[in-house]
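Each chain carries a letter (A, B, C, D, E and F) given by its place in the written order, and its residues are counted from 1.
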Amino acid sequence: MKRTIVPFGPQHPVLAEPLVLDLVLEDEKVIDAIPTIGYIHRGLEAMVDRVEYTEMGFVVERICGICSFMHGMGYCLALESIMSVEVPDRARWLRIIWAEISRIQSHLLWLGLGADAFGFENLFMHCWRMREEILDIFEKTTGGRIIHSVNRIGGVKRDISDSELIAIVARLDGLGKAFEATARVFANDPSIRHRMSGVGVLSMADARAVDAVGPMARASGVRMDTRLAGQNLYDQIEFEPVLETAGDCLARVVVRMREVRQSIDLIHQMVDKMPKGEGLPLENKPRGNPSGETFTRLEQPRGEVVYYVKANGTKYLERFRARTPTFANIPAMIKLVKGCDLADVPNIILTIDPCISCTER
Amino acid sequence: MSSLIVFLVAFPLVVGGLLLGIRNSKLRNVIVVLAGLVVAGASIVTAVTFGNGDAVFFGLPNGLTLGRSLLVLEIAIAVFVVAVSIQHRRILAPVLVLGQVAVSVYLELSGKMPELEPGRLFWFDRLSMIMVLIIGIIGTLICIHSLGYMRDYHRSSPLIKGRRTVFFCLLFVFLGSMFGLVVSNYLPLMLIFWEVTTLCSFLLIGYTRTKETIGYAFDALNMNMLGGLGFSVAILMLAGQPDGLDLAKLTAGPATAALLPALALLCLAGLTKAAQMPFSRWLLGAMYAPSPTSALLHSSTMVKAGVFLLLRLSPAIAGSSLGTLVAFVGMLTFLFVSLVGVTEQNTKKVLAYSTIGSLGLIVGCAGLGSPELIWVGVMIIIFHALAKGLLFLVVGTIENRLYSKDMENFDTLLSRLPLVSALALTGIAGMFIAPFGVVVAKWTAIRAFLEIPGWQGAALLVIMAFGTSLTLFYWGKLLIKVLSMRSVSEYERSVEKRISRFEWLAEISLASGVIGVAAFLGVISEQVVGPYALATFKGTSQSFLHIEPVILATMIAALLFLPALALWASRHEGYNTADFYAAGRPVTSGGVMGMALGATQTVTLRNYYLDGVVNGKLVFRVGTIACGVLLVTLIAVGMVAR
Amino acid sequence: MSNPFRLPMAPRAIRNLFSKPATRRYPYEIRPRFDGARGTIKFDVDTCNYCTLCAKRCPAAAITVSREDRTWAIEHLTCIGCNVCVEVCAKKSLAMSTEAKHVHTHAEVGPQGQRPGHEEWHGADPAIAAAAAKAAAELSIDAPSS
Amino acid sequence: MDRQGFLARVGEYHTNGWRLAIINATTVPPVDAAEPGIFEISWGFAKDLEFETIREQVTTADEVPSVSDFFGAAFLYENEMRELFGLNVTGIGLDLGGQLYKTSVKIPFSHAAVKARLAATAAATAAASGKKA
Amino acid sequence: MSFFSKSPWILHYDASSCNGCDIEVLACLTPLYDLERFGVVNTGNPKHADILLITGSVNERNIDIIRNLYRQMPDPKVVVAVGACACSGGIFARAYNIQGGIDKVLPVDVYVPGCAARPESIIDGVVQGIGALEQKRRKSA
Amino acid sequence: MNPIVFGVLFILIAPIFGGLLAGVDRIVSARMQSRVGPPLLQPFYDLGKLLQKEARQVNPIAEPLLLGHLGFMAATGAMLVGGTDLIFVAFVFALAALFLVLAAGSVNSPYSFAGAERELIVLLASEPFFILMLAAICKVTDASSYQGVLSSAVMVAPKLPGILLAFTFVATIKLRKSPFDISTSHHAHQELVSGLTSDMSGRLLAYVELAHWYESAILAALVVLFFNWSVPLGLLAFAVVYGLEVLVDNSTSRAKWQLVLRSTWVVTLLLVGGNVLALFLIK
């Protein structure tokens, strides 16, 4: 029997990034979906052969423009563990504050994109307007809106003054209030429920079977969050991962909304706990060239990222590898897309919070 | 005068018999074409001779009498049916036909049969005239079309044993008996023709003699025999009434309560033949027969016999609860089959659903009965006969070129078979595009429904609104497929050249008919249909067309201008079939897209069938049950009214 | 199931309709950039000793330095503004300004195919400066002032 | 590599509820020119906060069995290894037929490609230092 | 009279960007920057677009896509390369799968530098693009 | 005044009305999103640009079909206010809309086709309403033409509250507003790209836009029918309805086609069917 084949992507307005799906449809029911990626593959892991390890961090930052800070931090953490560099305390705290701010930024961005995918333009506008607040904080503290370039192996390049930190917390509280109004819309709007509730259900067993990570797994009830490992000071503050059990698109929205609130709360705690004062050391410069290997794991907004770094004592690393969260979530996405409606395809793709540039590097 | 009618009926029968013996196809072509011309000519002559207006009645010429020939014919039919049924081990049909014979024999032997008024055997009025023209002209065109079609049909399906002699014989017999049916005034005479059409359709549906088609043929036979049985029981009941068997007198005005049971049974007969729910199944099965059969069954014969009878009965049943029930059976059938139609992928079946729906509308009009509604019913008969006849023939032609009846395979037809698709467009336009007849008829029907008081009026309006929109959906889908374009290869372009002249002649004539009738809508309404409707219901003079004919003509001209513009545009540069949006992927002019994982594939598109919203099978079942209940009520009402 | 006709967004939309839009009307209304925001690299040709460290460390390879010709050039279209060159410069010849990078058009492509966004300085070596000026005159583009 | 033993170990991780966190290949530079190129493959498994790896050393001639029977999500890693490293991974659950990426440099992590890149770097560094080539 | 300067519709394509510039392009449409003030509509469809805003650089797989999209845009049309990668390949110019900036395949009319390009710069770029569009219109008229 | 004059006036004024309406719509939508939005005359600039731009045609039949869409849409309006039978106008209205479907379908490309099919679905959803609405207006006023209804002594709106309510629902479809903007989208982020206009460019797209302006004007004229005792009140009511549509557009996400079809049918059956039934039973 004849079936409609819709070429979804590479250029498709629902996704800013090129992801290709051949959707085989009956009416609008997706019978089969054949994916292809590779439109953003740059080969940046191989740039270890062209860029010295000291500057490789800037390349790693540009794996993805949304979790740029986390990528930079992850690279530095990996190198620091190989080279046994002790990072000054304040720098460690500053890093995770920035990391949580960047999580808020990423989630707000995603909530907006998600809203746009199901045709709620106004909500998109509101989410992105709130996000601009975060970008202002970033630009003020790091000098860049999107790409921050403050992480260096051994510490961070810039300090945030204590007064500024307090201002940031106040600003985030304000943002939190504005966010609640938006969150109410996401949670209560019947038209959003129509599009999200019960759509793209990933059961807990399935989430485990396809090795889903991050909010994708947490929305299906899998208690998995690399922050629990505590290596990044998360053991010094109160932290418990956000879990939802429904496993549908709405649950993934809710997980991210709750994580926005949680991050604001975490930043509160962090600012309270961190060592105060002006002129505290921020950076311990590493000596010599690295040698050795490490797997470093980190919880990004999209989920767990794994970095592998192998160094052989030269200025150039032997191997750098990032297994990004979207890379791990793509099998889940392919699984969910089959059997849904064409109109659900954008929702499902977006609720895994795809970052194709992360996936393909 | 009466000899003309006898000629009209007898000539096709004789030709049919002659064709049975002719195996040379060239000779057959000549005979069919010549005989067809004679039939068409005779129908026109008849129409012209009688067509000055009022009803005329006459008997057999030169003192011929029927004698017991009707009974003999009936027994002959019964013997044939029993024989065939035994051959195929069917039980229902012989039971029904024997019941029928039993009724007739009882009538004959008991002597209850009233004396026949010899001068009132036949009845010719404007409705008969319209029917005779439809049968004579459209029927002939279909016969001629079959000459080309059957050649290709047997070429494309070599496994089917060619029995073309029988086929052409049946076509002509069919025409002859239809002529007889529409001019009969004496009900037992009409019954004979009625049964002959049943038999012809049975044989035509079973033409290919596969297990499947024989099953469908028996479906048709069983249901129509049931109607036939109703018909003969009605005759039995009417035989005791004064002037009961004289159709014209019977339907001269509202029927007395005593007549209602018999009328209910006649309505049952009409509904079976018109394939209304719950009897719609046989018409769908008939789709497996060669396309000219479908064309004949749908446009000018068979199902039209059913609505013809109901239109005849309209003045008698209108206003009674019987009439209302009949009307609702028709209107609900229209609604339900339109709903089923949107889920159907087989083009011939879509056409069949559309036919059942249109007939439902006619039945609705006949049941409600008012000058306006009778006008609507007759108008739909005319437009539907032309458009649907054309569509079936076109689909037959397409089927023989593309080897598929699936609507989905008709895509890019405009590029592959441009002339054929132009004809298809004309046919589809005739069925549902605004200034063409069926839509004008529906519009007038809505206006008439506004005048019907009580919940019935509201219900009819709602049914009409939804049913019409549903037809829009399936016709729209078909149009999208027919109108789509892509670059085609030289070979694909050459396919159209192999269509025979017979097919072109028939299809182009019918297409001109669709446009011509729409263009002369005003004249037809004023001169023929309007006077008929007024005469039937003794209404005061009124205009049925509530629009300036100028506007209609302008719209038709505009609609005809658009294809011309397309033709003009296609000769110009500036278009590129490889330029469609495919999300940035490479595309070529044949519609080949770059796909995932480096593959390539031709664009394939499937229409929407409302999966998950409308369950066609379920709707059909619900409709069958609902209309079945109505039908039982209908007969019961008739009985109780007594 | 909640009321299907609820529109939780509607009050917000109405409130927005009657309040001032959030839009910053750039380019008619320009918000000054934050201190420390990274923008364009500024080069001071007088203090540079052409050590080439900035060129070696630049991850985007946007800087070209020639010790012999005493030239220092940057491709602004390639520069990623990571600030590394500023950090490594021992002579403090480089500085990060908050000024946004300029948008260039195709019209700026030079006759020899020089890309837009290319900025080049020539050191004080008189011989080289003269040669460079001559070359620039031939190309009919203005040599950038130091 | 020991195919049976390897699959048994992977299967054990699977049955014990570990999840596949990463499969990573590394191009190990040859010590001398005569040595054939060696690749190091690590299968990283995670369970809650623990992380363990299986390590194998293979050449392009070796057959690397797919683990997609245990971990369905492995197909992306394995297709990637095949395309970028030229490794002979067999039995991949969802075989993309070499169409995952499309690269200008065929097999960009082959020993030859890595060597070429390092040479280019050396040349560029020399040029940046102001030594005219 | 020409309407091109009043109604520039854009198509955004992510060639192989890191998302940074894509987000900033989208941010330009949001309340704070609101490109629609200039009549800009983000069409998402090359057939409707006048300005191709393209981020990221050319690689082996997307090179055909970029060409296809450009070819499908009706004349007059303008290409605005957004971000360092689109202008020249940026930091990734030396990566093995990057062939260079967008001007390797398309005639780029406006280069918007930055990593990531700031919304203000993108607005400047679009405004410059409108000028280029107007020029092309005049040339073809 | 001669009805033909009304028709001609409609053809001339409707585009200006529709364009200005679209301009106001865009500004109001932008303000609801706390943006500044485009200038008021933006729709006219867009139209002008589209007419000046190259039209890339995939096949030769789309343009005639689109001209048919535009022509019949204008004709619908002209016939409506020109005094043609109202029920017939409903059929012509559907025909005009059908032309757009056919133009998109003729391209034979996935996105246009899916858009065309969805448009057919929304036609299927909205068509019963328009037939019933116009029939009910005819019934209640005993008139069959626009002028007839306007000069009728019967006030329509009080008699047809259910239908007026349903109108605000169904107008969402005709105005292509969220949640029912499933076949095209003014906003880019739609799974069908631009839906049925995906393969139209230049003047072809301009025809669609212009026809849509006519469509808005027709809807305005239809609202006036409900307020047949005072035309200004009718126009005010249209402004209110339109304002509601813009508000809903900015406060909901796009529905799926199944919901569009089901909900519209249910609304038509309950509100319109109920109102019609009441009309027939009470009168």
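In this text, a residue touches a chain if its C-beta (ideal position, glycine included) is under 8 Å from a C-beta of that chain, and two chains touch if they have at least 3 such contacts.
Remember, predicted model here, so these are calculated numbers, not experimental data.
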item: Shortest chain-hopping distance from chain B out to chain C; value: 2
item: Where chain C and chain D overlap in contact partners, by chain label; value: A, E
item: Shortest walk length in steps over touching chains, chain E through to chain F; value: 1
item: Label of the chain whose CA centroid is most distant from the centroid of chain D; value: B
item: C-F compared against C-E, more contacting pairs; value: C-E
item: Most remote chain, CA-based centroid, reference being chain E; value: B
item: Chain at the geometric heart of the assembly (C-alpha centres); value: F
item: Chain D and chain F: spacing of chain centres that average the CA atoms, whole Å; value: 59
item: Distance between chain centroids, defined by C-alpha means - chain A, chain C (Å); value: 28
item: Centre-to-centre distance between chain D and chain B (centres being mean Cα positions), rounded to whole Å; value: 71
item: Distance from the mean Cα position of chain B to that of chain A, given in whole angstrom; value: 66
item: Multi-partner residues of chain A (each touching 2 or more other chains); value: 4-5, 7, 10-13, 18, 25, 28, 36, 38, 41, 43, 46, 50-51, 58-59, 62, 120, 122-126, 129, 144, 147, 189
item: Multi-chain contact residues (two or more partners), chain E; value: 13, 30-32, 34, 37, 42-47, 59, 61, 65, 69, 72, 91, 94, 96-97, 115, 118
item: Sequence positions of chain C contacting 2 or more other chains; value: 7-9, 13, 21-23, 25, 59, 61, 80-82
item: Of chain C, residues touching chain E in the complex; value: 21-27, 30, 59-61, 75-82, 100-106, 115-117
item: Complex contacts: residues of chain A adjacent to chain C; value: 51-52, 54-56, 58-59, 62, 120, 122-123, 126, 129, 136, 139-140, 143-144, 147, 149, 157-158, 181, 184-185, 188-190, 193
item: Chain C-facing residues of chain E, complex; value: 31-34, 37, 84, 87-91, 93-94, 101, 107-115, 118-121, 123-125, 127-128, 132
item: Complex contact set, residues of chain E against chain D; value: 59-61, 96-97, 99
item: Chain E to chain B touching residues, read off their complex; value: 13, 45-47, 64-65, 68-69, 72
